[in-house]
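Dropping the structures in below, format is structure tokens.
Heads up, the next two complexes both have chain A, just with different partners, chain B and then chain C.
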Partner chain A sequence: MKEGFRQSMSWLHTWGGLLMGWILFFVFLTGTAGYVEAELDRWMRPEKPLVAAEVAQADALALGLRFVQEKMPDARRWLVSPPGGREQPELRYFVEGYPETEGAPGKRQSGFLDPETGEKVAYRATGGGRLLYRMHYRLHYIPTTAGEWIVGFCAMVMFAALVTGVIIHARIFKDFFTFRPGTGHRNWLDAHNLLGVLSLPFHLMITYSGLLFICYLYMAPVIASEYGWGEDNRRAFTDIMFSGRPFDRNTERAAPAPLAPLGPMLAEADRIWGPGNIGFVDITRPGTVAARVRILEGTRRVSGDRAEVLFNGATGAVIDAPAVNPAPRIVSETLLALHEGLFAGPVLRWLYFLTGLVGTAMIGSGLILWTKKRRARLEGRLGFALVERLNVATVCGLPTAVAAYLWANRLVPVDIAGRAAWEANVMFLTWAALAVHAALRPAARAWAEQCWIAAAAFGLVPLVNALTTDRHLGASLPAGQWELAAVDLTCLAFGLGFIVAARIAARGHQRAVQAKEVSPTVQEAAE
Partner chain B sequence: MIVLAFFLSFAAWTALAFAMNRHRRDMGWVRATPVQRIMLRVAGGGLLAASLWACAGHWGWSMGTVAWFGVMTASALSLVLALAFRPRTRRAS
Partner chain C sequence: MSVTSRTRAAVSPLEIIQRTVAAAVGGYGLAWAASVLMARGLPLSRYEAMQWAVLASFLIYLCVILWAFRARPLTRMWGGILAPAAVCAGLAWWVGPT
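The block that comes next holds the complex of A and B.
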């Protein structure tokens, strides 16, 4: 009975893991890149000054607020986020206009401002690290909802694979430190187990909280049973859920009234959270009696919530804060905050990045393990060949495609239309080309060749950067701009890693060739 | 403090690994007596707790706990790689 249970768990782990593994590899890899989203964003905007100007938050905020008030006095929403910390290194604005026709959303506009002069600045059009981060939960080229459904389903399988993986492992403590390199498929099993077990808390947390992110999508009937169906009801729910009170979506122009001075409101925020700790200022329906000014705290916490103060924009009076967070919301927000890791400083961010890579490698090693275990039995079958080729194209091809995305950021001409989209197109074209390559070459040779391609793609990123911009290592290192240098250096490290992988793959290829050369002689001997 | 947390955790994993005869054998060491094994495990547990304390000292308790899991993963991986790819001169046959 016990054996039967473990076997059925093993079946679920093997086949669920295999079928969803390729998408999960994509999700984990792009999600891991999402942990360094801000650093990639900065790298992909080389027009930014090498060393950011030191500007007091209050001064930058004042410039931003003046900009939106002067340039777009008729808007129904102004949002200005001052530069502060890693998450938002820029002075940004977002403006939403009144709808011209009934029911249509108003025109939206956003951009970057120079924090010293308040003038608009233009960077090259790029998806940045942000796009990689978005791919990890909504994929690309397909509607957001469809992507979220697919990723949600895969996350469910991932969670099942983690639980069944623990059940079938059975020797978690005995094999806790066991890695025996170079002994057939045993070493891939060891690697898969180690990568899984040694950061199991992370894997469980990231998968469960990932499911929690999109539960509003696939558990919609639960919400609808309380709030009713339809867009308005859904919004009523998300407002209460994520900001604790309804958001003013009224699109009518209320009776005009001048906006109360913002200075005292900002001073009040500084008094509560300490100076220079404002996340953003969000002004809805300015210039009317219904104006609201919402100021959000800058600091991120593990518990996820950020404090806010709300003012009546016409009178300048504080509107009472909503009731204390209910416990379930704190639990949910904590899990979501753990997933995103936005509170993490440099060291903790590296640890997040590392464990993310461990998760990616665990999935990759699981995919490879499937073929290693079945080679003797299934080699030559179409299904086996398909799995093997998809493995090469995913485990080697996808990282190379991400490197190509960085190349595209530097090499696609700055002034062509749809430039940001082309960066992503280059990434997926590269991936497609490598998939074709993997399909046409003998599998063992494809592994080695694609590892070399990946090594070159990553290893040459700093060179491409140096040839196309002056934000290269020679400039960033002396200036102590580590978040910029870290992208180049990490690419170099990946390049070296793939060289090691290529040598291992080449050895595997040699063994395969030797085995083939030996077998005819064995046949002859048998004759 | 971060470096301290890492090495406390690394030491903890080392103690726990050498409470296991498999890894002692790989190093060519004699088997551990039952008392030694218990002592190594207690030491390992204590060092892990000390590593959590060091993390909390740097990050505060809430963020420190998160970091502790990351530190444990990083140090355990380092130990496994060190054991697997250590110089083989001392290996007893």
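The block that comes next holds the complex of A and C.
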């Protein structure tokens, strides 16, 4: 009975993992890139000065607030985030007008400002690291909702694959120390187990919390059962879940009233959190009696929430609106914060990045393991060939496509229309080209060749950067700009890693050829 | 009849389809019914009960997926999903929105 249980769990693990594995690989790889979103954003905007100017937060904030008031005096919402910390190195603004027709969204604009002059600055149009981060939960080229449904479905299968993986791998801790290199598919099995167990808590957390992020979609009927259908009703729940407070989405024009001076409000925030620790200033319906000024703390915590202070924008008085934060919300918020890792400093961020890569590699090794185990039995069948080719195109092709995205950032002309979209197009065209390559070449060759292509694509990123900008390693290292240099250096490390992988793949290919020449049956027996 | 066995005895495609449908659709149905019951039945504020229900929903779904591939025979598997789903849905309907 026990054996039968493990067998059926093994079946679920194998087939669920295989069928969703390719999408999950994409989700994990782009999600891992999301952990270094800010660093990629900075790298992909080489127009930014090498060393950011030291500006007092209060001065930058004052410039930003003046800018939005002049930009759109009749706005429904002004939002300014001052430079401060890793997460928001820029002085950013966002303005939103009142809807011109009932129900339609108002006009929206956002951009970056020079924190010293308050003038708009123009960087090249780029999706940055942010676009990779977005792809990990909503894919690309398809509507957001469709992408979230697909990713949600895959995440549920991932959840089941993790638990079944633990069940079938009962001697989990003993086997953790088992590694049998050079033993046919067993070394892939060991590698898959090692990678899985190494960061099992992370995988469970990231999958469960990932599902939690899209609960409003996936569990919409549950929420609707108490709150009712429709976006407004749903938000009555999700506003509390995600920020602990209902959010003012009112678009009616209230009676006019001048905005109270912001200076004392900012001073109050500085008094509570210490100077220079403001995350953003969010003003809704300014110039009316209904005006509200929300100021959010800059510091991020593991328990997620940033403190905030709310003011009546017409009188300047503090509105006492304590956050709703009962036990289930703390559980949920902690899971969501762990998923995003925004609180992580440099060391923990590297750990997040590496753990994300381990997860990606676990999925990749599982996909490869499927073919290694079945080669003797299934080689020559169409389905087997399809899996094998999809594996090459995903495990090697997708990372290469991400490298191509970085190349595109440097090589696509700065002034063409739709430039940011073209960066992503280059990424997916590269991926498509590599999929065609994987389909046309013998599988063992395709592995080696694509590893070499990936090695070149990553390894040459610092060179492409040096030839097209003056934000290369020769400049960033002497200036001590590590977040900039880290992107070049990490690409270099990936390049070296793929050289090693290419050599392993080439050796495997040679062994396969030799074994075939000796006797096909011997090789089958060995498998 | 196990889903797979040591001798790799053939599993009928119909059984695989049934178990997959039970996991995907049945699992969602039971997760939905049980979560709604939690949201309505827990003696907490509307938000708190719903947040616990949402947190639990994915774990319930996970358990039903495992059950759908584990339980045998198939009739027991279906019974183990449909009966609690019916009970939860019935109770949730009886409790009504708070």
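Note that in this section the second predicted complex is superposed on the first by the 514 of 527 C-alpha atoms of A that agree within 3 Å, B and C clash if a C-alpha of one lies under 4 Å from a C-alpha of the other, contacts with A are read in each partner's own complex, and residues count from 1 in each chain.
Rule of thumb we're sticking to: a contact is a pair of C-beta atoms (placed from the backbone, for glycine too) under 8 Å apart; a residue touches a chain by one contact, two chains touch by 3 or more.
All figures in this text were calculated on a predicted structure; none of them were measured in a lab.
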**Asked** With both structures lined up on chain A, is it a clash or a fit for chain B and chain C?
**Response** fit
**Message:** Between chain B and chain C, whom does A:Leu348 touch in the aligned arrangement: first, second, both, or neither?
**Reply:** first
**Message:** I'd like to know which partner A:Val358 touches here: chain B for first, chain C for second, both or neither.
**Reply:** first
**Request:** Could you say whether A:Ser110 touches chain B, chain C, both of them, or neither, answering first, second, both or neither?
**Result:** neither
**Request:** Scan A:Ala327 for contacts with chain B and chain C and give back first, second, both or neither.
**Result:** second
**Message:** In this superposition, which partner touches a larger number of chain A residues, chain B or chain C?
**Reply:** C
**Request:** For A:Leu338, select first, second, both or neither according to whether it touches chain B, chain C, the two together, or no partner.
**Result:** first
**Asked** Between the C-alpha centres of chain B and chain C, what angle is found at the C-alpha centre of chain A, to the nearest 10 degrees?
**Response** 80
**Asked** Just chain B (first), just chain C (second), both, or neither: which does A:Pro201 touch?
**Response** first
**Asked** Between chain B (first) and chain C (second), which does A:Ala160 come into contact with in this model arrangement: first, second, both, or neither?
**Response** second
**Message:** Going by the contact rule set out at the top, does A:Arg301 touch chain B (first), chain C (second), both, or neither?
**Reply:** first
**Item:** Shortest CA-CA distance in Å separating chain B from chain C in the superposed model
**Value:** 21
**Complete:** chain A residues where the chain B and chain C footprints coincide none
**Asked** Contact residues on chain A for chain B in the complex?
**Response** 174, 176-181, 194, 198-199, 201-202, 301-303, 338, 343-344, 347-348, 351-352, 354-355, 358
**Residues of chain C touching chain A in the complex** = 2-6, 23, 31-32, 35-36, 39-40, 44-55, 57-59, 61-62, 65-66, 69-70, 72, 92, 97-98
**Message:** Considering only the defined contacts, which chain A positions touch chain C in the complex?
**Reply:** 3-5, 7-12, 156, 159-160, 163-164, 208, 211-212, 215, 218-219, 221-223, 225-227, 237, 240-241, 324, 326-329, 331-332
**Request:** Within their complex, state which residues of chain B touch chain A.
**Result:** 2, 13, 16-17, 20, 22-23, 59, 62-63, 66-67, 69-74, 76-77, 79-81, 83-85
